[in-house]
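The first chain written gets the first letter, and so on, giving A, B, C and D; residue counts start at 1 in each chain.
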Amino acid sequence: METIPFSKNTDTAEMLEINFGPQHPSTHGVFRMAVQLEGEKICGLKPVFGYLHRNHEQIAENLPYAAVMPYTDRLDYVNALTNNFGYALAVEKLAGLEVPERAEYIRVIMAELARIVNHIAVIGFMLNDLGAFFTPLLYAFRERERILDIFEGVTGSRLMNNFFRFGGVKHDLTEADLAEIKKIIARFPAFLKEFEDLLTKNEILCMRCQNVGILSAGDAINAGITGPVLRASGVNYDIRKVDGYSIYNRFDFQVPLGKKGDVYDRYYVRILEIRQSLKILEQALAKIPQGEIMNKKALPYLKMPRNFKPPVGEAYGRIESPKGELGFYVVSDGTPQPWRYHVRAPSLINLTALEEMCLGQKVADAIVILGSIDIVLGETDR
Amino acid sequence: MDIPVSEVKKELEARLPDVKLRAVGNSLLVENPDDLPRVALFLKENPKFLLDYLSSVTGADYLSYLESVYHLYSMAKKHGPVALRVRVPKNKARIPSLVTVYRSAELQEREAYDTFGIIYEEHPDLRRLFMWEDFEGHPLRKDYAQEDSETLEAADIAWLEARGVEVPPEMKEKAKALEAAGQRAVAQKPEKPRN
Amino acid sequence: MTFGWGVFKGMMVTLKNFVTSYACKRDNGGIFTVQYPEEREKEFENFRNFPFLVYDGTPDKVRCVACGICERECPTKCIHIEMETDAAGKPARKPAVFDIDYGLCMNCGLCEEVCPFDSIFMDCAFEVAAAERLDGLVFHKKALLKSNEYFRKVRPALASAIDQKRKAAEEKKKAQAQPPEAPKPQ
Amino acid sequence: MNRILGFFDQIFVSAKAWLLALLGRFLPDWVVVLASIVISGVVILVMGAVIMMYLTLLERKLLGRIQNRYGPNRVGKWGLLQPIADGIKMFTKEDIIPANADKIIHLLAPIVIVVPAFMIFLVVPFGRGMTAANLNIGLLYFIAVSSVTTLPIFMGSWASRNKYSLLGGMRTAAQMISYEVPMTLSVVPVIMMSQSLSTNEIVLAQSGCSGLHWFIFTPWGLAGFIVFFLCATAECNRPPFDLPEAESELVAGFHTEYSGMKFALFYMAEYMNAFTLCGIAATLFLGGWQGPFLPSWAWFFGKTFILICVMIWFRGTFPRFRVDQLMGFAWKFLLPLTLINILVAALWHFLPPVWAWLWSALILVISFFILVKLNINFVPEKRVYTLES
C-alpha cells in the first residue's frame, strides 16, 4: 500500500495510524481516510480516492452524446435526476437547443424532488454516523419511498432515472402524477416537524454537532466548497439564484444561511433547504403549462443518437446539485462523440477542506464531519 | 452574469503588460504557462472582477498539445465564468500550480495529473488521485493504450505462480511470444464509428 | 427548562411511531414494510427493467429485422445480433441470434428508444435472478421473445399506442400497394 | 383469594422444597444441600441463556416497531424461533482468530465475560424468598462482580491486535471505571435508608402502602434512580453510551475480531448484564418484588421488563455521545449530583416528613440547575437562521 504523506511524522511521536475505509460502515462506500491519531485526537487526515474509479470520462468520450446520459445517473446515484439536468444543460448550451416550457417545469419539479430525497437521506445517514440506530434514517427512507414511487411511475426507474433528453424530457407528467406530487408536498411539512422534534433540539445531537468541524467562509470559498456546506458557512451562493438556469429565476425562494459553519449548521441548512424546495415545487405545480415536452428540432435525435453532432466548440454547464456545484465541461469536435468530457464533481472537491475541519477533533467527529459533507462515492471517484 | 472575454483581456493587458494573452472562443489563452498564477492572482484580487472561486480545473488532450482549462467565478460579485486556458507540449507538460492562489485546485490538479500527466509545479502533494501509485500511463490521453485484461504478460504469470495459481500453458506461450517481441498486452481499441 | 427537553421530545416521537405502527395504516404512520413475496407494491407502467423482443401471433413472426441499430447504440454493448440467412445465403430480415447479457445491461432503455421497428421493449419483470453469471444471465432469442399480448399486459398504454401506429402504417402501406390512380390531368 | 395468591407467589420456592424433600427421603443430608445448590445453579444458567435469547428478539421487535417496520417475523410465529435460528448460525460459523492475535487471551476473554454476568444472578431477588444466595453483603457483591466486566472486554480488545479493537478497549476501560463511581454513589442513599446491604432487606424496607414506599417516590430516590439507570445503561454499553462498540466509528469496537460462538458470548454477556442491572435497579428503587395482586416474581419481572424496554427505547431514539462528553457527563454532572443526593438523603432522615420533602426536592432541583449552568457545553446553543434571497 502506498505511503501517505502526512505532515507530521508518525514514527517519532506516540501516534496511531488508522485507515478508516475502504471497508468501513461509515465511509458511505469505498472511501478511505488515512488518519493519524494521538489517543482519540486527530493529528493528520488524508483522504484516499479511487476505489470506485471507473474512468467515467473516458467511457463518455467513446460514446454518442445521448448514450452518456444513463452513465451520468451513476455519478451521484442518490439523485440521478440532477446529474441528468447538469449534463443536459451543458450539451444544450453546446448545441444551442431550446427547451419547451412544459419540459422546463417538469425538469424543475423532478430536480427539486431529487433534492428533497437527497437531503433527507443525508440527514438520516449523518445521524447513523452519529450513532442513532437507524431510526432517523428509516423515517427519512419512509418519506423517500413515496418520492421514489413518483420517480418510478414517471421515469421508469427508482434510482437510475435516465429521464432528461437534449431539448426536453423523456416522459410527460400526467395529471395523476401531478396530483400525487401535490399529495406528497402536502404531507411533507408534518414529516419535517416530526423529524425536527426528533433531532433539532436533541441535546445529544447538539453536543455532538455544534462547534464541530467548523469551516470559515473564507476557507470554504478558497477551497472551492459549494452547496449546503458552503451556505452553512454563511456564504450566500446558490447557483439556482446566481445563474438562474432553466427557469429558476421565475420562482420565489430564499437561500438559507448558516452561522458558524459547523456540522449542526450543515444539518439545519439542509432542513431549511427542503422547505425552500417545497416552496419551489408548490409554485411550479401551480404554474406548469400545457405543451410539448421535447424540442421539435431535437426529436429526430431520439431515434438516431449518432446523428446528433453539436457544432465544434465547448460548453461548461453547471447546476446546483444537492451536493454542490455540479459542472459538466463538454468539448465537441463536430463528431457524434464528445472530444473531451469532464465532470466537476462536488463530492470530490468538497473534500478538499476535510483535513482542516477534522484536525484537533476526536475520531468520532471525523466520521460525523464526513457525513455532514455528504459525499457519494460514485461521484467522488467517477 | 457573463463577463465578456474582451473586457477581461483589455483589463489584463493594461495592468499586466508583459503577459501575452489570446482570446480563444469564449476563453482566454495564457500563452506562457508561467504567467498563469500571476493572471489568476490578479483576477482574484482585482476589485472589478474579484474572481475568488475556482470552479473547475481540467486537462484536455488536443493531440499536438495538452491543455489545462480553468473556470473562474466570483462569489462576491456573483458573476462569471472567465475561462482561462494554458497550452503545453506533450513532452514538456509542466504548468505552475494554482494551489497557492486557489485551494480548490488541489484535488482537481491531482486529477488532471493522474489522467493527463500534466505536471503542476509546486503543487504541495502531486500524487495520482484515482489510479494507484505504480500505474503506467495516463488514461485520458488519446494515445493511451489500454492493457488487455484477457492476455497475461510474463510478469503477471510470475506473480500468479508465486501465489500458487496454475496458469494454462497456452497463456504462458502467448506471454513468452509477447516478451520475445518486446510488446505489451494491449487491448484493441474499440473502433470509433464516426459517420 | 432547556436541558433534557429535546431528549424527551425525541423520545415522544419514537413512542408515537411505536404506537402508530400498531394502530395505523401504512400511509398514516403505520408499518411501511411491504412483505415482498406475499405482498407486492403497485406496478407502474413506465417501469423498465430488461429488454425483450415482441412477436405478433406466433414466435416466428418476429418484428425484429436484425438491423442492429440497438446493438450499435447500446451503451454497454450487451446486445449481440446475427442476421438469419436463407438457403441461398441471402440475408433474411430476421435475427438468427439475438442475445442480451442481462448481467451487463444497465436498464437505460435506449434500445427501446432507437428501435425503428417497434420490436424491442423494456420489460417490467424483475425476478430474473440466476445462479450462473454466464449461463443464467445471458438471455437468448428464445427466452427474449414474448408475445404482443404479454406486451399489452405489462405496458398497456404504450402497447396500444404502438399497435395503433402499426395498424395505421399497415393501412397506409396497403393503400400504397394498390396501383395509384393515374393523376388527373389538370 | 389470599391463599391462591400465596400459592402462586411461592410456587417456585415450594416446588424446590418439595423436590428437596423428595430427595431427602433416600439420600444423605449433604447430597441434598448439594442438590439445592445445583438446582439453583441450573435454573440460573438456563434462565440466563433464555433471557439473553429472548431479549435479542424483544429488542429487535421493539426497535422495528419504533422504526415502523416489523422486525423478525419469518422464523416461527412472530419470529419466536428467531433466537434459536441465530443460535444455530452462531454455533456453525467459522471461528476466526487473527494471525497476530494473542491466542490464549483471545480465547479467554469471551469466557471470562460471561462468568460475572451469571454470578450477578446470585443476588438478584426474583421474588419473595427467591434469591439464590441471600448474602448479607449482596449489594457490595453485585458492585464488585459487575465491575469485573471491564477486564474481559479489555482482554479481548488487546488480544485482537486490531486498532479499532484497541480504541474500543481503551474507551471501555475509561468509560466503565468512570461510570462505576456515580453508580456506586447513587446506591449509597438506599443503603443508608434501608440500613442493610442485603438485597432482600432492601426490598423489605420498601414494603407497605401498595408501592408508595418504594424509594423512587422520594426526591433522593428519584434522583438516585435516574443516575443509577443512566450509569447502568453505560455499564452495559448500551446506546447512547455504546462507545466501546460504536458501530459507525470503530466497526464493532472490542469485538471486531470475534466471530461465531465467541462473539455470541460477548453478546450474551451484554444482554444478561442489561437484565441484571435492570433487575437491580428495580430492586433498589422500584420496590423489587413488592406489589399488590400479583405474585412477587411477576412484579419483579414486570418491572425489569419495563426498564429494559426503556433501554431499548433509548437505543431507538438517541445518537451516541462522544468520548470526552461521556466522561464529562459522568465526572462533572452525575458525580456531583450523587454526592448532593447522599447529603439530601441524610437530611431526609433527620427532618420531619413534610419539611424533608420540601427541602430535599428544593436542594436537588437547585443543584440540578447549578450543575447544568456549570456544564454549559451540554446545553445546546440557540441559533437563528437567516433566509436571504
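By definition in this document, contacts are C-beta pairs under 8 Å (C-beta built on N, C-alpha and C of every residue); 3 or more make two chains touch, one makes a residue touch a chain.
Note that the structure is predicted; figures quoted are calculated from it, not measured.
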| item | value |
| --- | --- |
| Subunit B and subunit A - chains in contact with each | none |
| Contact-richer chain pair (by C-beta pairs counted) among A-C and C-D | A-C |
| Most remote chain, CA-based centroid, reference being subunit C | D |
| Intercentroid distance (Cα basis), subunit C paired with subunit A, Å | 29 |
| Geometric centre distance via CA averages, subunit D-subunit C, whole Å | 56 |
| Subunit B and subunit D: spacing of chain centres that average the CA atoms, whole Å | 60 |
| Where subunit B and subunit C are represented by their mean Cα positions, the distance between them in whole Å | 41 |
| Of all residues in subunit C, the ones touching two or more other chains | 3, 6-7, 10, 13-14, 17, 32, 72 |
| Subunit A, residues touching no fewer than two other chains | 135, 139, 142, 198, 201-206, 306 |
| Per-residue multi-chain contacts in subunit B, two or more chains | 193 |
| Interchain contacts (touch definition) - all pairs | A-B, A-C, A-D, C-D |
| Of subunit C, residues touching subunit A in the complex | 3-7, 9-10, 12-14, 16-17, 32, 41-42, 44-48, 72-73, 75, 106-110, 113-114, 116, 122 |
| Residue numbers on subunit A that touch subunit D, as the complex places them | 16, 18, 24-26, 37, 39-40, 127-135, 138-139, 142, 198, 201-208, 210-211, 236, 241, 254-260, 264-265, 268-269, 272, 276, 362-365, 367 |
| Residues of subunit D that touch subunit A when the two form their complex | 63, 66-69, 163-164, 166-167, 170, 239-240, 242, 246-251, 315-325, 377-381, 383-389 |
| Residues of subunit C that touch subunit D when the two form their complex | 2-3, 6-7, 10-11, 13-15, 17-18, 20-22, 29-33, 35 |
| Subunit A-facing residues of subunit B, complex | 1, 25-27, 52-56, 58, 60-61, 69, 71, 75, 78, 81, 83, 102-108, 111, 115, 125, 127-133, 139-140, 190, 192-195 |
